[in-house]
Structures are given as C-alpha cells and as structure tokens.
C-alpha cells in the first residue's frame, strides 16, 4: 500500500515510467542472468501470454489434467493462443512426471491430422500444493529441449515453492530449462500484479504487443511495477512465502493423517466428513469444500502462527 | 463421374447454380421435414462449421475422447470455433452414453472460471464402426435439450449407419434431437462433397457466411451439388452404404473372435500378431495397423462380396 | 486512494465482494433505468469486450477512421472479436455523422462475399475533443436500430462529454439508442478502473465469461469497484469532468485562432510551429506533438485554473 | 476433365498420392528454382493461408483498398490470420505503387499501440485487369525487404498477367522479391484447384498444418493435383491465359474510349448508360454491372475470337 501510494505521482504512461523501467534489472538480479520482465494485472494474463508466445495457433500445450489453465481459466489459454489445444497428462497431486509426459508424447503421430505439442506448462507449487524440485523440473526441461518444446512455469505460488525448496530461483527455472515464468505476486501480498519473466529475452517484444492487444497495458502501470518492486526488495516476496508455508505446516501437523497430499507449500487438503466440515464452520472457520469429503485450506502471506492455531486446534480436535 | 461431367456447363458461380439450388428440397424430402443444406468439400469443414454455429468461442464442445474432431482434425474445431474447448467423454467403441455424458456434466461448476458446454457432437457410425440407434441418440438428445446444449452428428459414415439400422434418416437425427448433421458423401462414392444439414433451418445464413469466410465457397459449386444429388437420387447413397456394410459383415464372419468391436457398419478391427499382419501383407492385402496387435479394415461403397472374399479367406486361414 | 485503502480488507474474491455487488445499483441510479455494469482495468478491455458481445467474428464494426479502436489499440478489437472487420467512416474531428454512416452502408452489398456490419462504435467525447449531443447520438441510434446494428459508445472521456453537455447521462446513451457504454474512470481520477455498462442487461452474462477468458477478472476486484463507487458518489466523476473542461476552455481562450477544433471537452489541439513548440518546452511545458505543426494538450480532472494559467499565458504570448 | 477422370483410381489419401507428389517438381521447373507447392480448392484459401503464414495475429497486412482480400472474401483473411489487420493503400486501378506504400508506412508509429505491418499482398493481374511488370513488383519487393515485410502475390489471374507480360514466371515473382504466390487455375480452366507456391520452401510445413486445420486437406486430393498438372503440362495454363487476353483485347478495341482502365489482361471495364446496358442485355449478353454507369466484362480461357465478336460488335454499335 505504501509502495502504491508512493507511485501516486505523475510519470510517463503505460510502461514508460521509472518503476516499470526497473523490472528487467530487478529480476535479472534475482535470477542471476539477464531476463526480460513485464507486469500484468492477473495470473491468467501472465500464463496465457506466455503460452501464446511459445505455441502457435495450430499447436498444442501439454499440461496436467488438473492444471489451472485447463480447468479454471475459462478458456483463456485457447483465447490467447487462438485455439491451441491443451493436451492433458495425468499424475498424482497435479504433478507432471517425465514418464507421464513421455507416455503422452508416445501416443502422438507426427502428421498434420494430429496437433503437435509446442509447449509444456507446469505449476510450481502445484494446484495441490506440491513442489517440483530443481531436479524434477530439469528432467522435464530436458525432454522439452529434445523435442523442441517451449517450457513455461505457472508460478502463481512461486514464492511458496522457492521458500519450500530453499534453492535459488534460478535453479528451479532457467537452469532447469524453463523459458518463461509467471511470477505471482497477487497471492503473495500484492494488490493486482504478476510478473511475466522471459529467460529468452528476445521473446519480450512480441509479448508486449500481445499484452497491449489483450488490453493488459494499463495506462498507470507504475502502480503494478511499484507493488512488484516493493515485494522484491529485501526478498519480501520470499519472506511472505515462508510465512504462509510455516502456517501451512502447522496446520498439516494438526491434521495429521487427514492430509490428502504432502503439505509442501501453503495449501492443505484434508479429509473431513460433512458433519466435521459443518462443525468447523459452526466454530467460525471458512474454507473451500473440495468435492465429496475433502476440504481445501490455504494459508496467506500475512498469516502468523497465532492466526492459524485456532483452526489447527479445531481440526486436531475433530 | 457422369454427374460431374453433366455439371460441366456454365451456370451461376458459387452456390447460385441450379444444382446447389436443389439441395434444400432434396434433403427435405429425405428427412421428411423442411431442412437447410449446403455443400462443403470436406468432412472437417462440415463438422467444424456446425460446431462453430452451435458453440460460442467461450464455450465447450462435448465429444468422445476418441472422436475424429478431437484426435484427427488437426485442431480444426478449435480454429473454426475460435478456441472453444473440446470436453471429452470416455466410452467403449468411441460411443458416448447418457451415463458418461451425465457424469461429465456433473463435474462442471457453472461459474465463469470453467468453460460451459454448448454443444455435443457424436459420430454415427462411430470411429470404431458402432452404430447409435434412434433410441440411443434420443436419450442424448433429451439431455441436450434439458441443458440447452446443441446437438451435432458427424455422419462421415451416415450411410453405413442408416443402412445398418434400417430406419428412416429422420429417426436417427432430428426426431432424436439432432440439430445439425454432417452427411458424408466422399467416403460413400463422392469425389469431394459433404452436405451440412441443419434441422434448425434458421442457422443456415450464419453458416453460409462462415463457409465463405473459411474459403469453402467453391466458385464452381455445381460440381459438388451434382455429386450429392446423384447419390441421393434413387437412394444410391443407401445402396452404397448397404454394399459396404455387407462386405464388412462377410469379413467379420471370417474374422470371428478376432473382432475387437461388433461390426455394425463398414469398419472391422481385428486382433492380429505382427507375424499375421506381415503374412497378410505378403499375400498382397493392404490395411491400417491400429496400435499394437490390431488392424483396421474398411470396406468401400463399391466393394462386392467377390472383392473382399480373398482377404476374408486369408484372415480365416490365419 | 482513500477508497482503495478502505477496500484493503478481506472479502470474496473476483467480483463476489460487496463493492462489486453495488455496481449495478449505482449505475442504474445514475442512468435512471436498470442496467448491468462490470469493472475492467482498461478502456481497451471495456471497448473490446463490448464489441465482441455486439459483433460476431464474421461481422464488421463501423467506426471513425481515426477512432481509438482503429488506430491505437494494437489490434485489440480484432483479437476480442476473433477477427471482425473494422469498417471505417471519415468525418471532421473524428465524429461519425449520419450522412457518412449512410454513405458507408450504401457501399456494401448484402452477400456472403462482403462482411456485414453488426455494430457501430463512436467515441464521446471524440479523439479530438468534440462532443456528440443527444440529438446527434439519437440520429445514429435510429440508423442502427433500422439496420439491426448494435451501438457502442467509447466513453473514455464520458465525464467530459456529459459535463460539457449538461444533460442527463441517460439522454446521451440509452435514450439515444446506445446499447453499451465504456464509462471511463482512469482518465478521470481513477487508478485503473473502467466500467462497462450494458443497457441491455441480458448481455452481461456472456460479457462476464468473456472478461474471465480475457484474463480481466482480477482476483481482488474490490479495489476496482471501490474506485468507481468513490467517483460515482456525490457525482465526483462529473465534478472532475467539469474541472478538466474548465481548464481546457481557459486554454482555448488563450489559444484563440490557433485552435484546430472547437474545444468542447478537455482536449485542445493547437497550431504551433516547431520553433513555437520548442519555445514552450524550453519554458518547461510538456505536451504531445500531433503531426507536423500541431500540438495536443489535455487537461486533467485535477487541474485548476491556476494549474493551467501559466501554459495558457505562454501560448497567448507566442 | 480427362485429367480428372484419369485420377479416378485408388491412391494414397490426402496429398500422399502420386499426382500431389509431383507438384513441387512441376512448379520448380516452371519457376527455375526449388519451390514448395500445395493444392487448395479455392483462391480464398490460397490467399489466406499465405497471409497467415507471413503475418502473426497481432500484425498487419498491407493491401490495396480494393483488393479482393479486403472487399470480397467475407473476412477470410481476418479468420485465417486470427485477426491481423488489413491496412489499405489507395491507388488507380487497384494497383499498389511504391509511393503509396511508402506514404502508408510513413503514417505508422512503431509502438505497441499501433499494429505493425508484417506482409504486403498485391494482385496480379489486379482487380481491374492491370498488370504489374517485373520492375514494378521488384520496387515493392525492395521496400518489403528493407522493412522485413513478407510479400504475397494473389495470382488468381496469374496466367493472364504472365501471358500479357511475356516474361518468365520467375521474373515477376521471386526474382522481384515475392515470397508466396497464389497461382490460380480455377479461373483458367480448372474445376476447383489453386496452387499455393512458396519461394521460401521452409514455410511449407506450417502451411500444410494450417491447411489441414482449415479443413482444406481433401481426402482425394489427387483430383486437384491432376487438374493443376494437366494445366501446367505443355504450358496449357499460359495458352489459356493468352486466349482470354486476346479475346479481351478484341473487346477493348471495340469499346475504344468507353474503357475505364487499360485492358492488359482479361477484364474490360466500360462506361455504359443504363439504357445501353439494357440494350445489350436485350440482345442476350450477360455481364456484371459495376456501380453506376459501368459494366465489367470478363473473358474466359476458352473464349475464341468468334465467341466474343458478337458482343464486341454490339458494344461498338452502341
């Protein structure tokens, strides 16, 4: 908020302002190499711009069958790519494994009757809160390189993943073969700002044109850049990610064997009966139902142990 | 060929000629109600124009996971619909059942984050040569009507299906809730001509604009219309379908328990080892491999019992 | 800023929050009838969503040849509409007249070879700061109604137009036949928020799906809604528009015969030689060059007479 | 017809047949260099596939304001390119001049707000029957090369142009900088077959995928290839073009000063009053009205002098 207020001054419109101008350098520092980065207001825009740059309209985008781009973006990938086909891969915890990817690729004939894959997108941390290690990403990256497939990482929860891994952001991205990263800030303390980072900097010009064409070039972009810079400064983004993860671990310990998936980031999926869920709600707690007999809990960047302890205790007491 | 040669005369360009002008009436007669019909040169164009008319860009098209539109049209449905999402349903023999359809619909939340289905497309006869009965189609049609979903039938092998069923073409289409039919002629004796038939005639104007926009309004369309009319005349289309089916039945009897699917139209899928397949090829027979240990045999409209008997005997002798 | 800070609290994500939920009522009050309204972060998104709803992919959008959608939105209308064709009309001061519109319509054959117009979009105030009166809009609206053409108004400077006209917002929109309005707030004191208002409320469901699909459904939409509500309250939007217009009038008086267009809103186009422009810049003033020998000056919602007097004096002194 | 009948035999489907396989060599011979060529059933498909390969969705296609792609293809270029913007250039006789092209390019700012041109398409012979010389094409080609713009020639009447010029087909295409040519056969004696020829052969793979995706990969493509090969053989295409041109010249001489444009190919535009047009029709002649006071006459590949002499005489007698 302070960062936004500080940007409440006149500057060049769109992304010609001083804040936006500092993004490339800030992300290049963070990623230990020259990168290009732009702001967009939503993760959907970040993901879909990246896919549109990596995949032609007649191509396909490999993703997990429960990936956010496949299930929860209202057809945005198809819109931005002009009808590229999402080609889904199964896997536990919304994670794409090299074996599953190879199996999918093995089903495809290389003729004009079948859509050919041009990009792979994975989510780190995944939709179920699992984290890909640098080695796991690199194994997928190697497959992509061999097949000439672009590699995108949806990092809506990138901070949680990096905080969980304790590695350099570079290790789990470009060093592992990732070409483009949607670096999420909105879920991590920002108001409405995501960064789209290209490790192939020459792709940025086309991306900027596509951003404008999609109506995502805000005239007062300095407010977005300011949020991002504020979160990058002093590694605030990482600190926020750590806080959310810590709160999640505390919840996971309380939930014990109720946990459906290992808790590696800031999401906890637990088994609860309808009666148990109702009981928790009666006690004033709010959470998502996740199909029959499951609940989804998400901790936030500003959650302290004190904040989540009551719910943790209530779950333990079920 | 004779019909085409007869059309080798000057007439109004595009679809303003005498042949094209007779399509509506010819198909209305066949279907026992007023319909609108246009020619297109390929089945892909017929299918995808229909889907584009029935489904908006932000919508979804339900289909079998092995449907031709999903696996073998090179992303054409996504192109024509401007990125509608194919939503796939599993099922034996590439057949969509009401239960499978209901199960799929049950997984969808009706919010803006999830693509909503606007159309269902089924293939009759299916990609594995199975035939939907009027009752089966009607059960799907009822589900579509309840949900406000348009209903398209890919009839690349419509002649084979109707020949197999022995019903009126009307029974298995509009009387069962079908809104649009791709009526195949190319696989059934035509050179390059398919009809797109709308049982909601008011959809035809938009379809004609989309056909032109897709480059499918041939300037000498009379040649296509002439093929279609020649095949409709005296029910030649049905006779051809019957001939292909009869040849397939003869093959199926020879293949016996090797058959993977019931043979209801003009496709036979048989189990063969690599050695057996090689042996058949050595004897001069040509067919498609269908993954590991299977072969796909397709009989044609002009196959007589004599034509297929040698192969049938060779299979029986394996 | 205060409004944004006040929205810095937890609420339902996307547009399920309390602020977003008040938009329909707030705009219905303002427009003296039931309307549907949603927020989007940019004017490009507002304009292009409206056009996508009003015009199918195979249709055309009539607009002035110098309209912002035609010249300065990077192809966004073509993206959102899936390739609808912008059909341009000439006219003084970027204004579409009924005669020019009729002339354009008169050149079109109604066959499938020519794209047919499905929507008209005008900008009020125009790109040159001219204002359409209710009567002028109504004359265009009548033409649209006769031809079954949807009517959109790009109101990036709607506040300036209404402030200039002194009429009810209803008079210059739906009472004159307008179907959808992009109501601009960003140029009028907002941070990044525009409203898309539909006078045909049933169009809003499709619009919301298209908004999500375009990545414009911000997860913390309450910040956008809060800006809009703050500007609507006590007619602050109108007050801001009046202030900018008053500043522009003051400038126009100083510029006298240098003015290229009548100054009716908050834009002033003046004739200046290169030397004169340089002289103004030497004095510390900033403005846009507008081709050879012209400059474009825009006054802002927060400009007082004191703010612009120095530049006005400098222009008068040239 | 004989060629088509000769192709009435079984062969590999789509473009795997012997006829289709000979296209590259046949066109490489004709153009004196290695080229890639594919068949499509319509000129619209040929033009729009070429533009889609040369221009990204966010780019622009320069063309004459009366070009067929702009006025008479029902929005097909926008469909195939996913919304690229046609950027029109004025000029006499539908001809793009280097000066007009430079003037248009001069109006464009190179920023993300304005669509940037990625392709130029010209029609040879033009929509008014004018022919670009190799020098004229080369002047445009040089401009394209300087700006990194792809260059397409719509050769629906390419035979008439080459017949008129008496040059090598290479001189007026790739030697002059053309990257892709729509080589028309339908207007020149074919049934429904056009060739799309790429002088940058590496573009053909993407084109083949786009052709399939557009539903233009006919399953019995041998019939199209056979037509094209028959017309190429012994330069029949050129002979047909010469015949049509000769007939047009004869008409032009009869029309004298009534001619609106120089008659360089097979189209004649003449000034006629409504009474004169009616008189010609009464005498049994058929032609297109071309706005107020003009008529458009087109001679065909199979017109002999005897065929057109009666109409020529009737015009002379007006």
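By letter and in written order, the chains are A, B, C and D; residue numbering begins at 1 in each of them.
Going forward, a contact is a pair of C-beta atoms (placed from the backbone, for glycine too) under 8 Å apart; a residue touches a chain by one contact, two chains touch by 3 or more.
Because the structure is predicted, anything quoted here is derived from the model rather than measured.
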{"item": "Same-residue or different-residue interface between subunit A and subunit B, half as cut-off", "value": "same"}
{"item": "Separation of mean Cα positions, subunit B and subunit A [Å, integer]", "value": "41"}
{"item": "Whole-Å gap between the CA centroids of subunit A and subunit D", "value": "49"}
{"item": "Residues of subunit C touching at least two other chains", "value": "57-58, 73-75, 79, 82, 112-113, 209, 212-213, 217"}
{"item": "Chain contact topology (line, ring, star, complete or other)", "value": "complete"}
{"item": "List of subunit B residues in touch with subunit D within their complex", "value": "1, 4-5, 8, 40-45, 48, 73-76, 79-80, 186-187, 191-192, 209, 212-220, 223"}
{"item": "Subunit A to subunit D touching residues, read off their complex", "value": "56-58, 82, 112-113, 116, 206, 208-213, 217"}
{"item": "For the subunit B and subunit A complex, residues of the former touching the latter", "value": "57-60, 71-75, 78-79, 81-86, 112-115"}
